[in-house]
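After this come two complexes, each holding chain A, first together with chain B and then together with chain C.
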Partner chain A sequence: MRPSKSTRIALLIYGILTIAFLYLPLVSVGFASISKARYLSFPIRAYSTKWYGKALESESVQDLLITSLMIAGIVTVISMVVGFFGALAFARYQWRYRTLFQKIILLPIFFPQMVLGLALLMWFNSIGIIPSWKTAVIAHLVWIAPIATLIIAIRAYSFDPALEEAARDMGANTTTILREITLPLLMPGIISAGLFSFLLSWGNFPLSLFTTGADSTLPEWLYAKMVSGYSPLVPTLGILSVVGSFLLIMLAFALSWLMRSIKQSRASQI
Partner chain B sequence: MSTDPILRLDGIVKRFGDFTALHGINLDITEGEFLTIVGPSGSGKSTLIRLLVGMDEVTSGEIRLRGKRIDQTPANERPTCMVFQSLALFPHMSVGQNIEFPLKIQGVPVTDRKARALELLETLRLPTSFYDKRINQCSGGEKQRVALARALAFDPEILFFDEPLSALDYRLRKTLEKELKDLHNRTGKTFVYITHSLEEAMVMSDRIAIMKEGRFEQIAVADEIYGAPVSRFVAEFMGEVNLFDVTGAAKTGLEAQNVEININGNAADLGLALNPGNPGTLMVRPEFVRFLPPGETADFIVAGKMHAEYALGSRIQYEVEAAGKMLTVEKLREDRFMGKPGDKVMLGFDGEAAHLILESPHGAD
Partner chain C sequence: MERIDRRLGFLSALPLGVVLALSFLAPMLVIAIFSVMPQKVFSVLNMPDFSSFGVIISQGYYKSLLWSLGMAAVSTFMLLIICWPLAYGMAKVFNRFTLVLTIAVVMTLFVSENIRLFGWVLTLMKGGLFEGHIRHWTGIGWDSPLYNVSVIVFGLVYVYLPFMLFPLAQGISMVPDDARQAAADLGASRWRILWEIDLPLAAPGIVIGSLLSFVLAAGATAESKILGGQAVIVISDDIETAFTFGQNWPLGAALSLILIGIIGGLAIYGVSRVDLDAIMGRKR
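And now, the complex of A and B:
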């Protein structure tokens, strides 16, 4: 069906607005990152890639990247595991406090992250834990694990319980069912939950601000540099961070494509 | 024939909270038979089969497989297998991997597994090239066969079926019903099938068990269930039927309540009489009712007025009104009765085609 004229105009406006608000600002940061000047100004008179070289050489930048990567990496792995079992409890099994669990698990997502970060910081202090990147992992998990759970739960909802019952009927025990049936079928959900977890942790600012203590993540550093002492490294690192996220997504797509083609080639050879 | 049953159910009760789904089921299943449990939705047949395969626990009662109690044995340790309504084929595995799944669980070596899977594909009349097909590349009928092959690979003592054909279109269902019966003959396994479809039950089964509200209403061979039901419920459940409320009468043996039935002689001579004053139901299937041309007679005669005619394919169904009650007559197309709505007709049927249900009118409940 062809959309009506007014719908087409609305779609066009929507498209233009999306580009104007979502992608143009990124492009301007991109330009700023390759400007030769020390200060951000338009139009850019001379271009240079020297800031990329500097950024990659700088030890403090390397520390930032490592801290951010470490937090995001650990958060991703734990979110995938917790999210998997959480999703089974959320969507797959009938148990007494299920509806309560379903509601409670959603709460952290609706909490303002600033408040959540502050609350966690105060809690860490009161039980005598010195904030560091490790406490940030916990803070990120409080917010991200429920999201991962929800993403996997969506997949778990579309899962026919008869599949597990059939496997059991044919002699499979609980571990075998988990390994042969449940895990492979939920895998697409687990992978996308992992991607989301990584990206949400990688780009998170409010929770990190409160809970990293003396350590600093990339978004924190970007913010600090913007409010005091702008450096041309700011747009450079900003772009690097975007490119990192983008590469991760590309990697995920490539992996899923690769897996599918392996399966197909295995299926076609007789 | 009179050997010990392969499966014996003894007083099976299942309660869900305050609701009792099964009220003490007793049943003996003979080795090698094809038993179908038929009932409307909510009759408890699905609950029963879930208990039999071990997916739910009995509230009380005993299930014995070859004399050994299995009602407390978990599903994965019972030597039985079920073909699910949704078939429950594993979508992430190929056809071959699906069929081999139970063998893999049993620890059968890879080469033996594959040999057995290919053998089963042949048994189910699927080309061996299906071995590497993905499940979502199979049609509805092919999926059925794969599910059957997988269940047979398990080599169960009893094979259970939970309405696996219900999602298929009519023609395919008919084909698969016959194939299933054929498969039963070839494998010699015990099949227990549940369905809400009378036709499915009639085509395939050695015995049919009719279920109603968590109890068996009647367990018998198909012909007996069809021709001599024990209750109005069974009679009506097993397809189109004409039922007459009757009471015993001294002179003619029977007296109809609402319709006038002329009885040729005494119903007692036909073995269809009731003690005077006792209520009952006289039943006759539509295909045994004749349109009587003038001068011809039958054991039971009812006068009526043609109401409507429906073409059912090979058969024609007529509705005839008699004293406000609709009677159904069915004729083969070649025996088509030419009559217009409103025509006065005489209907007749004979004693051997009729059956007397002794239960009081409108059931015991």
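And now, the complex of A and C:
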């Protein structure tokens, strides 16, 4: 029951239109970022890159970037480690509370992030911690660590436990098995989980809103400017942040392609 | 072997368990305690009363809750219809294009939703990408369609599309081609196959996708603020206001608790009915 050719073409066009729909607002932001006028109105009369220069010179923008980068970097490292072990508990080992564990770690993903942020603010307040960018790291982890776990778990499902059992039969202890077998096999999953963690943390706004204290991340700053009135730097910084993420993804794709071709050429030499 | 598995399973669940206990369960407890504190206190060391819940009823805070749930329900239903053909295409029809589509949709998730919604403001506003160009070329302009309820629902549909699309595609890929083939051979119509084969067999994906879109949309706030210009106040707005301008933590906590109760109840119900091992691709 293969679908007819006209169905296939119709679905393909629908798919392309969906992609266009998803990216259309970014096109508008892109045009706005190179408009010369302080107050934007289409069609754009004069183009200029002066707002990019202004954005890159500004010290407050640099502070925003550094805060966002530090949060995203620490969140990525912790999520990869916690997610690696979490995924083994999720998918690999048969233990008594496995199904319960699977369900509990899904809960934070379903929660409204802004409410999570507020709950964390009250919790920090009641144990006497003053919010700063460090508390935002914890806030991001609540939501991102479970996602990293799920991504690594998908990889862990396709993993043959007989490999670990064989190693154990030959006398390897648990640490050796983890280091020599489990970790290398799950590595692709761990790396994509790290990429996801970094990008989700970099772009996250609702979790940061109440948990960064006096510090501010890039999405928070953008939101404050959007709600309080237009600034020509909003589209510029928005595009800079988007381009940063996309470059990182391209880099990741290029690296994985490189690794695969190196492996293949080695295999063909043997 | 089994004994080792049990111990290792527990040990490897520990790091994530500790993170979630400290940063998820503990804050939820604090919210629950705060919600029964007297009005406008900032410490949990007070005599509990239930005044916040009285305020919610007498001041009409339930209206924003109803708006949120209503708009979430409408946008979830729309997403189901919009995403079904696309998810079907991804699971059964496209070959390489599935990968292209997946990458294109996932990449949008990494762009802060503020920026994307702001992009829609620039696209739709008077003098925006659409109206500005068309007025320039044809002389015909129109008023901005922004700042009302339908544009908020539009924003919800736009932002949460991936959360419906991927679970749905995963669910549809679990429908065996043989079953559809057999039904067609026996003379079932296209609608009958959809109704009696596709929908029941793809149910886990439909449940997860609808649940995710509904609960995320119910707790959303950026759509109503950026696109809707606060044409309606949603529950997350009320919660935020209670904590910030209102300086009334117990009221905010009580509102949060109600939202969490509804969302958590739905999430636990939905997740408990779905076999995660099957969805995520257990081989054994």
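Points to keep in mind about this one:
Basically, the second predicted complex is superposed on the first by the 253 of 270 C-alpha atoms of A that agree within 3 Å, B and C clash if a C-alpha of one lies under 4 Å from a C-alpha of the other, contacts with A are read in each partner's own complex, and residues count from 1 in each chain.
The criterion applied here is as follows: a contact is a pair of C-beta atoms (placed from the backbone, for glycine too) under 8 Å apart; a residue touches a chain by one contact, two chains touch by 3 or more.
A quick note: this is a predicted structure, and the numbers were derived from the prediction, not measured.
When both complexes are superposed on chain A, chain B and chain C sit side by side without a clash. Applying the stated contact rule after C-alpha superposition, one finds that A:Tyr52 touches neither chain B nor chain C. Residue by residue along chain A, chain B and chain C are tallied for touches, and C comes out ahead. Contacts of A:Glu165 after superposition on the shared chain: both chain B and chain C are touched. Once both structures are fitted onto chain A, a short way to say it is that chain B and chain C open up an angle of 90° at chain A, using Cα centres and rounding to the nearest 10. Using the contact criterion defined above for the overlaid structures, shared-chain residue A:Ile154 touches chain C, although it does not reach chain B. Of the two partner chains, chain C is the only one that A:Leu107 touches; chain B does not reach it. Of the two partner chains, chain C is the only one touched by A:Ser245; chain B is not. Of the two partner chains placed by superposition, only chain C is touched by A:Ala89; chain B is not. With chain A fitted onto itself, chain B and chain C come no nearer than 5 Å, counting C-alpha atoms only. Of the residues of chain A, those at positions 165, 168 touch chain B in one of the two structures and chain C in the other. For chain A in complex with chain B, the touching residues are 160, 162-163, 165-173, 176, 180-181, 184-185, 266-270.
Of all residues in chain A, those touching chain C in their complex are 1, 3, 7-8, 11-12, 14-15, 18-19, 21-29, 31-32, 40-43, 78, 81-83, 85-86, 88-89, 91-99, 101-116, 118-123, 125-126, 138-139, 141-142, 145-146, 149-150, 153-154, 157-158, 165, 168, 174, 199-200, 202-206, 210, 218-219, 222-223, 226-227, 234-235, 238, 241-242, 245-246, 249. The residues of chain B lying in touch with chain A in their complex are 53-55, 74-78, 80-82, 84-86, 88, 90-92, 94, 101-102, 105-106, 129, 131-134, 150, 154. Listing the residues of chain C that touch chain A in their complex gives 1-2, 4-17, 19-20, 22-24, 26-28, 30-31, 34, 42-44, 85-86, 88-90, 92-94, 97, 101, 104-105, 107-120, 122-123, 127-129, 131-133, 136, 158, 161, 177, 180-181, 184, 211-212, 215-216, 218-222, 225-226, 236, 239-240, 243, 249, 252-253, 256, 259-260, 263-264, 267-268, 271-272, 276-277, 280-283.
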